[in-house]
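Some structures to go through are shown next.
Two complexes are shown next, each including chain A; its partner changes from chain B in the first to chain C in the second.
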Partner chain A sequence: MSIGAPDSSVGIEEHPASAEPVRASGVAHGKSPTRIAIDRLRKDKVAIVCACIVLFFVLVAVFAPLLAKLEGGDISTFNVKLVDEFGFPTIGFTSDHWFGVEPRTGRDLFARWVYGARPSLIVASVATLFGTTVGVVMGLLAGFLGGWVDRVISWVIDFVLSLPYLLFAIAMVPIVESWRGGAFTLSPEEQASTRFYVLIFVLSFFGWAGLARVIRGEVLSLREREFVLAAKAIGVSTQRILFKELLPNLVAPIVISASLALPAYVTAEAGLSFLGVGLIEPVPSWGQTIATATNWFKADPMYLWLPVIAITILVLALALLGDAIRDAFDPKTRR
Partner chain B sequence: MLYFLGRRIISALSVVFVTLVATFALFFVAPTDPAGAICGARNCPPDRLAEIRAGLGLDEPKVKQFTSYLEGLVAGRTYVNGGVERDCAAPCLGYSFKNDRPVLDMLKERLPVTISLVAGAAVIMLTVGVTIGSMAAKRRGTAGDRALVTSTLIVSSIPYYIVALMISLYLTIFYPILPRGQWTSPFDSPGKWIAGFVTPWLVLGLVNTTQYVRYSRGSMVESLSEDYIRTARAKGLSDRVVTYKHALRTALIPVITIFGLDVAGMLAGAIFTERIFDLPGLGQLVLQSLVNYDLPVIMGTVLISSIFLVAANLVVDIVYSLIDPRVRLS
Partner chain C sequence: MSDTVRPIDQAPSNAETLLQIRDLKMHFPIKEAAGLARTKKVVQAVDGVSFDLKAGASLGLVGESGCGKSTTGRMITRLLTPTSGQILFKGTDIARLKEKDLRPFRRQLQIVFQDPYSSLNPRQTVSNIISTPLRVHNLVKKGKELARVQELLERVGLNPEHHNRYPNEFSGGQRQRIGIARALAVEPEVIIADEPVSALDVSIQAQVMNLLEDLRRDLGIAFVFIAHDLGVVRHFCDTVAVMYLGKIVEQGPREQIYGAPQHPYTQALLSAAPDLGTIRGIPPKERIRLVGDVPSPIDPPSGCRFRTRCWKAEDICATQEPLLEGKPQSTPGHAAACHFAEPKLDLTAATA
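On to the complex of A and B.
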């Protein structure tokens, strides 16, 4: 017997009625690629540890009011008695204030820390959701429809990718504020909520293009495959082909892109807040706390270190988890 | 080839033009009132407000404003403020609302700082990154290689500004081991210029090096497994020549591509480094202008940075097609 193509008749003889190769009973039938990836992920110890850390921060964010109540503090009460005449806190970690109090205002740091997890995670996940959805739809349309639709969308993708992202993010803030009547007329709460939406808008606006480009490339090769031709031949509608035939084949790039986008957005949110163009008072956020705390870092290092540690660990866990997910879905990337 | 070049340049120009329209639309068509911001928002006499508006051309229709902005860019224009006429020569980006100076002059003042910062960091990240990356690729699979890959992954996952901030606070202020960031022109005092930039260069350069270690390692692993490398070894060439002459040259192509885009991106966004090390570059200018609602300055910076990015994209594309004959020119 020569070495050549595997004998295609093996296993068919006993089951003449079906073209399916016969498997020994008890052996599981084929697993879907997603299933295989999840199995791989489960065996990855780093991924499990990182997932637990991320889960911890999610729980902190969800139960922030409960945790603050447990401690007995809240984010906005000024405890002037707990700071001296120069603004330095007079207490350290106490049973009333687990992480101490903020210099100058005497606000409870534990409450501000647990509430600080919220904007990071909310902004990042909403931006990921928007960015991914828009990216997938644009990529599908451009890749599948081709022609002028493809040319227009590809041009827009190139355009977005060639904009200086950080500068635009910074420039967007005063503009959107002025749409709502200008920073001079807005109350602090209105201004803070405006900033919240600006952040989500800017992050998702710059986030969709990269994914759209990847999806477009994948679709270009998928649309020539037999199953798509078959679907077209039997008159399946374009919408159905896009979302029922093509989309399931794009799970891997979508999941990979989303899991890598999440840590990037957490980083970006805290970074913009640090620069003073992200979230502002009275919304507690880690990035903004870091910016204020740099002025007090010699006298009150914990004020700085708490948000720094939180951001670092959260982003690191998300990034390593994203990396593990990419390896699980696309084993070729690991060399 | 000519067709490709022409098409590519036209598409680059179209991106710059649309950026121009988009930034203009964002800044000036939006119901902003920069005149109010200049005059001091709350108690501004109405006649002074009208005068400022007229001086800035804000009382004209938006389309007219845009064409005069374009005209200013190409041919220069004249501003009238408080009865005084001022000429703004050819690439005119307008006058700063806040301190009443041509935006172009302000940008020219800041650009050397940002360029110094990025150039120094770029040298570090390319040389250190490629050296370590190709050494790791040769020792692929050993414990040292795995440790290196893991540590670069961890360092590059930590937000950059956290690393920079902590180094700045603890290694230049608390324990003054490294010199503090400071801007001195290299033409005034080269020694002071280097001293003021050492820390930012190291921080920006080394943190970004981690990416380059990974890029060049991956690219080197790929080129080391090519057939021509086996041929070169079979000819009896020394290991050194094979690695650094045959493999590295091919491996560098994709790394240089990313490098070109990164440098342009850094020119447009070294904001964190400038803010943390207190260097008066373009990024700092934008942050200050933001506080003052100084729209022409923000717009000028965005425009200049977009041009950097688009130009870098263009150059990289063209160079890439010249170096690598496999890239199709269509």
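On to the complex of A and C.
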């Protein structure tokens, strides 16, 4: 358009408002974003395989009592007859004991393996859920509200990130046990449940800060975008702006973080149990089995390999699935 | 010359005054370390802007980048809270209202943004974007939202069947239309158009401008049109206000501003605009070249803010700030803030 007088021949009549080309309506549309993401996930073979593997482990954990019953074993019966005087099991894989028996005690390994999937998945998913929720809310508030709220939350994030996580995890167990009256007065079940909750608390307490920081950064850049201003100009409440306008734009970092956290927590649970600060007898867990099995590795390698393989496959499947979900939710990736 | 301008329906002169802006100021505090102490300085982004807007009228706000046009627009829609001054909407001062009390006014004052790529939420469907204002203000009953969304889409010239698509499936011009539809959803009386076409390419600009004109004519919406494209403003606005460094330097009816500008800055601005005459080989009679940069709004010059770049500047300009007032050769409604205001004709090529 020139500075000169507008040419009268360029008028409204020649340019009807709907002059822009209308796209062919044959293109697929009318799908919700979740629907599109699921459709794209379905086409991803790796995602399908990984989802099946994760589902398999979830089913194993859920139906652990049923599976153990099917096999005929249980987690706590000592079969002293099945081990020799040095503690080595005298049987391999049999129809009674599908994965053999534990050295020294002779407990059924299949039952302990299927029950062992439970703490891994429960601890990891509860800690992920809790850590992600707190992280997202804190990050949203800090980033969007700014000012002193941001300063306080950022300080807490830095503080949490500066704490040594492993020392904390190790120190928490005796502290909480002493709150409950000391380790000697507690029954093994009480001790085991204490450790279970301490584990979830420690993992989620250290898990939210990193995500909160990522979300805060994302929100800082998103809140300057004009669609947020447009929502404000319309009169949308802060709560709605946070959760309806901003949150859907944060799906990618949240899914990435959760998909990294879930396998990391499975490993962390196993690792802490291996170190002796995680779950203890009588609750069976893979990490604890690995810890015991290292002593018997030369004589009975399968004792070690079963939980190790299970953890490796589960962690790998979770990580790849998270990757695939992120790709599916991102409208920018076209694969 | 003015008879070649396609007559846009002039706002009736007896129309109700919708919006009165009085001495609006926006000072952004900045922190700067000066030695050991921290000095508190302010960026005087907008420093005393006043104007009126009648129902159905259209005011153009022009000026170069950083002169406070957009800040003014954002203050009127209360995306920013002004440092001082009044924003009277139908007599009520909304400059200091709390968000809760501001709610009913949010319906009356809407804004269309410059960048259609950032003004639509990429994760929401068009239908969701346009129905948000409907839901926030409870404008339609549940179940009738879609019909209203489709009506709005049709109004802005989009295919109503595309309501379920995402913004990334649309072109820039189409996205801008969606942004306009969102602003229209609340049936506002005033739309602040913050450079609505500067991010679009020229052929699409014309279409979007025509759409805005249609809306103005059919729905009687008043516009505050912020732009740096003088041609677009000339096409669309009855009154024009020229801003420089946070202040209005000249204000008046379109014909006077474009035909006989009195403030040196307006003259420079108009003569700097590219025109078809030059391209066609008719050299402009005179091109005013300003030297130097725009002074910093943190520390604006004393007296007249334009004096550092003005060829007419004399001693009085540094000591006495010129008021925005009517001049001897002004037509009604015209005002210029200059001690040496005089009309200069033939700045714009009328040869096209």
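Observations, loosely collected:
Operating definition for what follows: the second predicted complex is superposed on the first by the 284 of 335 C-alpha atoms of A that agree within 3 Å, B and C clash if a C-alpha of one lies under 4 Å from a C-alpha of the other, contacts with A are read in each partner's own complex, and residues count from 1 in each chain.
Following the convention adopted for this analysis, a residue touches a chain if its C-beta (ideal position, glycine included) is under 8 Å from a C-beta of that chain, and two chains touch if they have at least 3 such contacts.
Please read all numbers here as calculations on a predicted model, not as lab measurements.
By the touch criterion defined above, A:Val308 reaches chain B but does not reach chain C. Contacts of A:Trp155 after superposition on the shared chain: chain B is touched, whereas chain C is not.
Using the contact criterion defined above for the overlaid structures, shared-chain residue A:Pro248 touches chain C, although it does not reach chain B.
In the superposed model, A:Gly271 lies in contact with chain B only, and not with chain C. In the overlay built on the shared chain, the residue A:Leu229 is in contact with chain C alone; chain B does not reach it. Contacts of A:Ser221 after superposition: neither chain B nor chain C is touched.
The contact surfaces that chain B and chain C form on chain A in the two complexes do not overlap at any residue. Touching chain A in their complex are the following residues of chain B: 11, 14-15, 18-19, 23, 26-27, 30-33, 36, 41-42, 140, 153-154, 157-159, 161-162, 165-166, 169, 174, 218, 221, 265, 268-269, 271-272, 275, 286-287, 290-291, 293, 295, 298-299, 301-302, 305-306, 308-310, 313. Per the touch definition, chain A reaches chain B in the complex via residues 155, 158-159, 162-168, 170-175, 178-179, 182-184, 263, 267, 270-271, 274-277, 290, 294, 297-298, 304, 308, 311-312, 315-316, 319-320, 323, 335.
Per the touch definition, chain A reaches chain C in the complex via residues 1-8, 10-12, 15-20, 22-23, 25, 29-33, 225-227, 229-237, 240, 244-245, 248-249, 251, 331. Chain contact summary for the complex, chain C toward chain A: residues 1-2, 4-6, 74, 77-79, 99, 102-103, 106-107, 109-111, 113-115, 118-125, 132-133, 136-137, 156-159, 161-162, 164-166, 168-169, 171, 173-174, 177, 179, 182, 186, 202, 204-207, 210-211, 213-214, 229-232, 234-235, 270, 273-277, 348-352.
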